[in-house]
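Below, each structure is written out as structure tokens.
The same chain A turns up in both complexes below, where it pairs with chain B and then with chain C.
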Partner chain A sequence: MTEKTWIGKPVKRVEDARLLTGRGAYIDDHPPVANLFHAAIVRSPHAHARILGYDVAGARALAGVAGVITGEDVARHTRPFAVGVTAPVHYYCAATDKARFVGEPVAVVVATSRYVAEDAADLVRVHYEPLPAVVDPERALEPGAPVLHEAVGSNLANHRRLVYGDPDRAFAEADVVIRERFRFPKYGSTPIETYGIVARWDALDGVCTVWSNFMGPFIMHPLTARVLGLPENRLRFIVPPDIGGSFGIKSLIYPYIALVALASKLTGVAVKWIEDRREHLLASSTGTDRIAYRELAAKKDGTILGMRFRWLDNVGGYIRSPEPGCSFRPTGNFVGPYRFQHLEVDASTVMTNKCLTGPNRGYACGHLYFETEGMVDRLAATLGLDPAEVRRRNLIPASAMPYRSPTGGLYDSGDYPTAFEKALDLAKYAGLRREQAKARAAGRYFGIGLALAVDPSVSNMGYVATALDPQFRAKPEYLPKSGAVDSATVKVDPLGRVIAILGTTPQGQGHQTVVSQIVADELGLIPEDVTVVDEMDTFTRVWSISSGTYSSRFGSVGTSAVALAARKLKAKLVEYAAHLMDIPAAELEFRDGAVRRKTGKGPSYTVKDLAGRAHWNTDSLPEGMEPGLQATAVFGFTVARAVDAEDRVNSSNTYGFIAEVMAVEVDPETAAITIVKYVTVHDAGTIINPMIAEGQIYGGALHGLGGALYEELQYDEDGQCLTGTFMDYLVPTASEAPTIDIAHVESPSPLTPLGSKGLGESSSMTVPAVIANAVSDALAPLGIRITELPMTPSRLHALIKKARAT
Partner chain B sequence: MAELVTVRLTVNGVAREGRCEPRKLLVDFLREDLQLTGTHVGCEHGICGACTILLNGQAARSCIMLAVQADGAELVTVEGLMQNGKLHPLQEAFREHHALQCGFCTPGMLLTALDLLRTNPAPTEAEIREGLSAVLCRCTGYQGIVNAVRAAARTPGGPAGA
Partner chain C sequence: MKPAQFDYHAPTSVDEALALLQRYAGDAKILAGGQSLVPLLNFRLSRPAALVDLNRIPALAYIKEEGGQVRLGAMTRQRTIEFSPVVKERLPLLGEATRWVGHLPIRTRGTIGGSIAHADPSAEYPAVLTALAGEVVARGPKGERVIAAKDLFQTYLTTSLGADEILVEVRIPAMPAGAGYALEEFARRHGDFAIVGIAAMIVRQGPRCTVARLATAGAGPVPLRLRAAEEILERDGLGEAAIEAAARRAAELVSPDGDIHASADYRRHLTGVLTKRAITRALGVARG
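This part shows the complex of A and B:
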């Protein structure tokens, strides 16, 4: 049993000193190799165009230019990336035959400086035959729509119909059936640090080393090695200590890694590329925009019997791995916190002439809960019930934990009703309703929204196979996929201080601080005694293809690896001390930083005592004991299994819970939304550092708010991006950020050594739902229900104007 | 390539000099020529504020001005906030109130906050938020930053030191 002296405390971050003084080490800060050249990328100005040829003579002739790479080189020297579906989509790291979105890379110029490279990029002539474009996913599936990939034959990249239970019967037996169409916008969390890569291809050694702010998952490492034609042990990925935010977006840097590596290979120089903001907004990654058709079947008392989801997820010009995770990442928690057993999911993945997509904080859970929670509020309104009461009647009870959801999720722990009531109490829900009645009587538009969510953490990589047909997965040549692992090494130096080495890629989550707390508690030290190294290097770290810092993994799987490594080391210390004390190890225990007799009597050996002896005098070790004081642990969840023949999959490994209440007032003249109250209650199991946990919630909430109110990557019907700067793509500032009342409920996970779960995506997945419900409630007297985000003032104003006119 | 020009300026109290193309951005000059990589580039069009420095005592975007425009100027960058090996009260407040996560916007946020508190030593919360809206942060939801600036404003002696 670990004593919790440091776990649970708001320990100040060790990362802060360097970051506050300008000494961070981000990818653009420190050249890892000498004589770097710089790349500028030539990008398609067309949303859809055939590439007829290139004229690079002018660019090559410019002084300082080391070389120009075009799509022809890409086609000759690389393979397309593997995609997660069976449709024959050939996705290369740059356009080879056609450009399929504005901003798609078509050539790369390498020169002595970025300034010269950009001069030369302007001189590259690409000859295009523009083609008609399509950006709307429904329009893209109509007959006669422009087809992006001739080999696929249509714009449908994938389609799955998943059936759980007996949804037809549920709908036949329902007292009420509710239907609605929703639209979720295309937005991305736009980390303030853009993508950055340095690649050096050493022809003599046959090794390509890539430094980048890639966050994982490291499945992309073998994929990239295959694209480049390199054995995996000749491709080295190194991630610097500091990454300037990511939120999922930097998992999609990998095509650029291949492109810059190829540029280094073909020019023979080390190449650096730092993405600029326009490039980021045009061509990095966002979440998908989705059109959703929802149906809900319920009894008169509000009991939900079943649901039907029909989704059109728009992945842009190519379906890029890990898409279509946009549809399947939440498979295990499709039903959220509710008890219903019957569900049909009809998921189409559509390609259009927009920039590509991938995980964005909350990977598709923002979409899921925006729709589901909107439907639950519609049910309440239809039945004349309080929306809180409808939710109470459908929640999974605490007694049902651990709970197997109909879609295969294993909710490991939680008390949803208690957490929900806590949120209602904290918000003074009844009081808010009274305030609303007064406001309405005075002709004001005051509304209250609720949203509940099961917050999945640590993806089981096996979920991606849900995209494939069960018949396909049943073929003997098909290899099942599953897993979620992380590793850590803890070593004790001769004076008893500790270094912990991780293979994680933190982007601001404070891993060094959190790990120092865990190791301090495990070994009876203080956090200052623990130095944490968290730079990832595929040549030196113990890693697996699920490694990386994504999917709210660290708080669950990463911390588990650290705790296990420390415990392994502790076991060794006990064994060693037993030998020194000449008493059976069974009579000893590790307590308060020392090995002692369980009886409390007799001598004890501190970590420092044992470390000195073990390092300086290996003759003192018992026979057969390995010298040195270090332990490496690889933690993997045994509940991460491959998807079964009925499409059930435990798509995550730990599942938290979120309950939110928000009150808003809407000004009908300006359509401005004022957040009057916002309460969020989280259950993420054991909280290791409440300060850091709270920071994640604040950040996640603002991402959700951005997508709900301001942020949308907009395109005109020709596929031109209309939001290529931060003046058009509106990121919330401090003036828009709400104050939040945060509370926790702690239901420790039985699956992790510390009981912790992930929390990183947190309220990003609930805010779109809770604010849409609050605004809908505010505008209910006008008959307005929000079905589309973001609720920009112009969009909302148009709805109000129309409602008042009728 | 254009003729190189000499740029002489004072950065964090130290006279510095470099030769660069006339078109070189000030932020690139600071980062590449003077090796002051604490100032970050986030958008290169003057919106995100990560590159904010103090130019002759006022907050300025170093990504939308040229190095030659700063010839003869006095600059303060994030590297210049520490005094005598101690964190500036504003830096201390940021650490105390968890006002940073990834730290990428932090240099610009610190110098913007410093400028704000020098012109308005006792700002209201709305004024703090308005002042900080010059810099985009995607990690913190701003709450920790607002709390830190409010606390720094109340620090005895104030943050006006640097």
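This part shows the complex of A and C:
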């Protein structure tokens, strides 16, 4: 049993002094090698064009240019990246035959400075044959639409129809069936720090070292090694101590790692590339834009019997791994917090001439819950029931935990009804409804939205195979995939202080603080006694395919590895003390910072006592005990299994819960939305540091607000990006942040040593739903229901005008 | 996002700056606060042969009252205007408008001359200059000339200033004592350029409106004085019906363009809504 002196306390972040005084160590701060050259990337101005040739003589002739790499070099010296589907999509780290979106890399210039490199990039002539473009996923599937990948034959990158239970019967037996079409926008994360890479390909030892703000998943390491034709132990990834935010987006840096590594190989110099903001907005990564057709079958009393999802997820010019996770990442929690057993999912992944996609905070869950929670509100309206009551009637009860969802998810713990009621109480829901009645009587547009979500954390990478046909997965040569693994090493120095070494890649989450809390509790120390090292290096750290800091992993996997490593070490200390005290280890325990008898008085040994003796005098160790005081633990979830023949998969490993209530007022004249009240209740199991947890929730909520109200990567019909600067791509700022009332319910996970679950994505997945429901409720007197995000004032005005005209 | 190569000059007098402009014969850009120009350079959308930086000409930064006008040196920072007692006393509409200009760091660098010469039709200062019938002083090789607001703004980001001229001073008639004023603006986020903004000044005598001044931001390629709407108030007074009529007229007077932030229809609609709100709020603070 761990004594919780530090876990659960709002311990101040040890990172902040460094970060707030400008002493963070980011990729752009410190050149890791001397004589760095700088890369500028030439990008396609066309959404869709055949590349006929290159003229790089002018660029090569410019003083200071070390070399120019084109698509021809890429095709000659690299392989395409493996993709997550069987369609023959050849995705190289730069365009080779055609450019398929505006901003796609077509060449790289390496020069003595970024200025010279950009001057030279201006001189690179690429001869294009422009082709018709397509940006809308429905239009892309129509006959006669321009086809991006001739080898695929159409723009459909993947299609799966998943059936759970008997949805046809559920719909046949339903009293009411609700149908709706939704559209979810394409938006990203815009971390303050953009992508950054330094690559040095050493021709002598054959090792390519890449320093970058890569965050995992580490599956991308072997994939990149294969692309570059390197054995994995000749490709070294090093991540600096600090990464300036990611929110999923930086997992898609890997094609650039291959491109910059190739540039280093071919020019023979170390090459640095820092993505600028324009490049980031044009060509980093976003979530998908999705068109969803939803159907819901229910009984008159509001009991949901089943649902049908039909999705068209737009992954842009190439389907890039880990897509089509955009459809399948939430497989285990497709049904959310509701009890219904019958579901049909028809998921199409479509390629169009837009920038590529990948995980974006809440990966696919923002889409999922925007649709589902919108449908539940429509059900309530159809039946004349209170939306809170309809939800109550469908929630999975606490007694059903742990709960196996019909799609294979194992909801490890939770008390959804209690958390929901807590949110309603905090928001004074009944009072809000009275306020609404008054406002409506006065002709004002006041609305209340609810949203509930199962918050999945620590994806089991096996979910990706849900994209593949079960018959394909059944072939003997197919290798199943599963896993969710992180490691940690804890070592004690001769004076009893601790160094904890992580295999994670923090992007600002406060790993150092959290780990110091955990180790302090496990070993009876104070957090200041613990130094945490988190500079990932694939040559020196313990890691596996599914390692990395993504998918809200750290609060669950990383912390578990730390706790287990500390416990291993503690067991060794007890054993050592038993030897010194000549008392059986079974009679001893680690308590109040020392090894002592479980009962009664007697001698005790602190960590410091034991550490000094063990290090200085190995003769004092019991026979057979390994010298040194260190322990490494690799934590992996045993519930992470491969997808089964019925397409069921436990797609994540821990599942939290979110319940939100929001009240808004809409000004019908300007169409401005004012958030009057916003309550969010989270159950992420044991909260290790409530201050950090709150920060995650604030950030997640604001991120969700971005997608709901402000952010969308927009394209015209020809595929030109219209949002290439921060004047056009609007990210919410502190001024747009609403007051957020946060509360927690703690249902510890039985699967992790500390009971903790991930919380990093949090309200990013619920805010689009809750605010859309609130605005729909506000505008219900006009018959308006929100089906499309972002709800810009101009779009909302058009809806209001149309409603008033009819 | 690195600019193409350019020469950089930091003259210490206007004459020196003018000589440099002549030397580059139209291929030099004037750098004031740099809040719009520097991004254009970094995107390589603007590739001047030289920058002529006015930041080291102290004689261009001042605020004074003269001849019934408030005169502001072109290099006066927005942040200085925000806290100027003269502006607060004699041009409160300009003071209110300043708080809508970008964010604090932007206002710390941005200048009134730069904002007006850049002529973004969604910006606040051009709207105020237009509403209050101000003028600017341009100095060129042939000396100084005064350009009225209505003759200054030609279309998006385009003025009647010559390539060899420098906007050196902004002159705005002091507002009559007791005048009501308001700047109503709608933007998607705090600090953004306006989707639509309305600058308003009202001078009243009891129920009568002796002077009404209304101008737009964001409702077309240039800031537009809404004279026909002003006339309704000056003729029919400040009752609810007159204000409604003026607001309707305002919406008819503009011909906005649509972009990704707002449709033309929405901008026209907002022009009416904000005109009404601006007049109403101006009325609330008017004395007389």
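The rule is short, and it goes like this: the second predicted complex is superposed on the first by the 805 of 806 C-alpha atoms of A that agree within 3 Å, B and C clash if a C-alpha of one lies under 4 Å from a C-alpha of the other, contacts with A are read in each partner's own complex, and residues count from 1 in each chain.
The criterion applied here is as follows: contacts are C-beta pairs under 8 Å (C-beta built on N, C-alpha and C of every residue); 3 or more make two chains touch, one makes a residue touch a chain.
None of the values given here were measured: they were computed from a predicted structure.
When the two complexes are overlaid on their common chain A, residue A:Ile192 makes contact with chain B while staying clear of chain C. In the superposed pair of complexes, A:Gly510 makes contact with chain B only, with no contact to chain C.
Looking at the shared chain after the overlay, A:Thr733 reaches both chain B and chain C. In the superposition on chain A, contact of A:Thr723 is made with chain C only, not with chain B.
When both complexes are overlaid on chain A, the residue A:Arg277 reaches chain B and chain C alike.
In the superposition on chain A, contact of A:Glu118 is made with chain C only, not with chain B. After overlaying the two complexes on the shared chain, residue contacts for A:Thr670 are found with chain C alone; chain B is out of touch. A simple residue count on chain A separates chain B from chain C, and the partner touching more is B.
Residue contacts after overlaying the shared chain place A:His797 against chain C, while chain B stays out of touching range.
In the superposed model, A:Gln714 lies in contact with chain C only, and not with chain B. Overlap of the chain B and chain C interfaces on chain A: residues 115, 276-278, 725, 727, 733, 735. Considering their complex, residues 1, 21, 23-24, 31, 36-45, 47-48, 50, 77-79, 81-82, 87, 91, 94-96, 98, 100-107, 110, 126, 128-130, 132-133, 136-146 of chain B touch chain A. Within the complex, the chain A residues that touch chain B are 12-13, 15-24, 26, 28-30, 63-64, 115-116, 189-194, 242-245, 247, 274, 276-278, 507-510, 691-692, 694-695, 697-703, 725-727, 731, 733-735, 737, 739-740. By the touch criterion stated above, chain C contacts chain A in their complex at residues 1-2, 4-5, 39, 43-44, 186, 188-193, 195, 260-263, 265-266, 269-270, 273-274. Touching chain C in their complex are the following residues of chain A: 114-115, 118-119, 122, 276-278, 669-672, 710, 714, 722-723, 725, 727-728, 730, 732-733, 735-736, 792-794, 797-798, 801.
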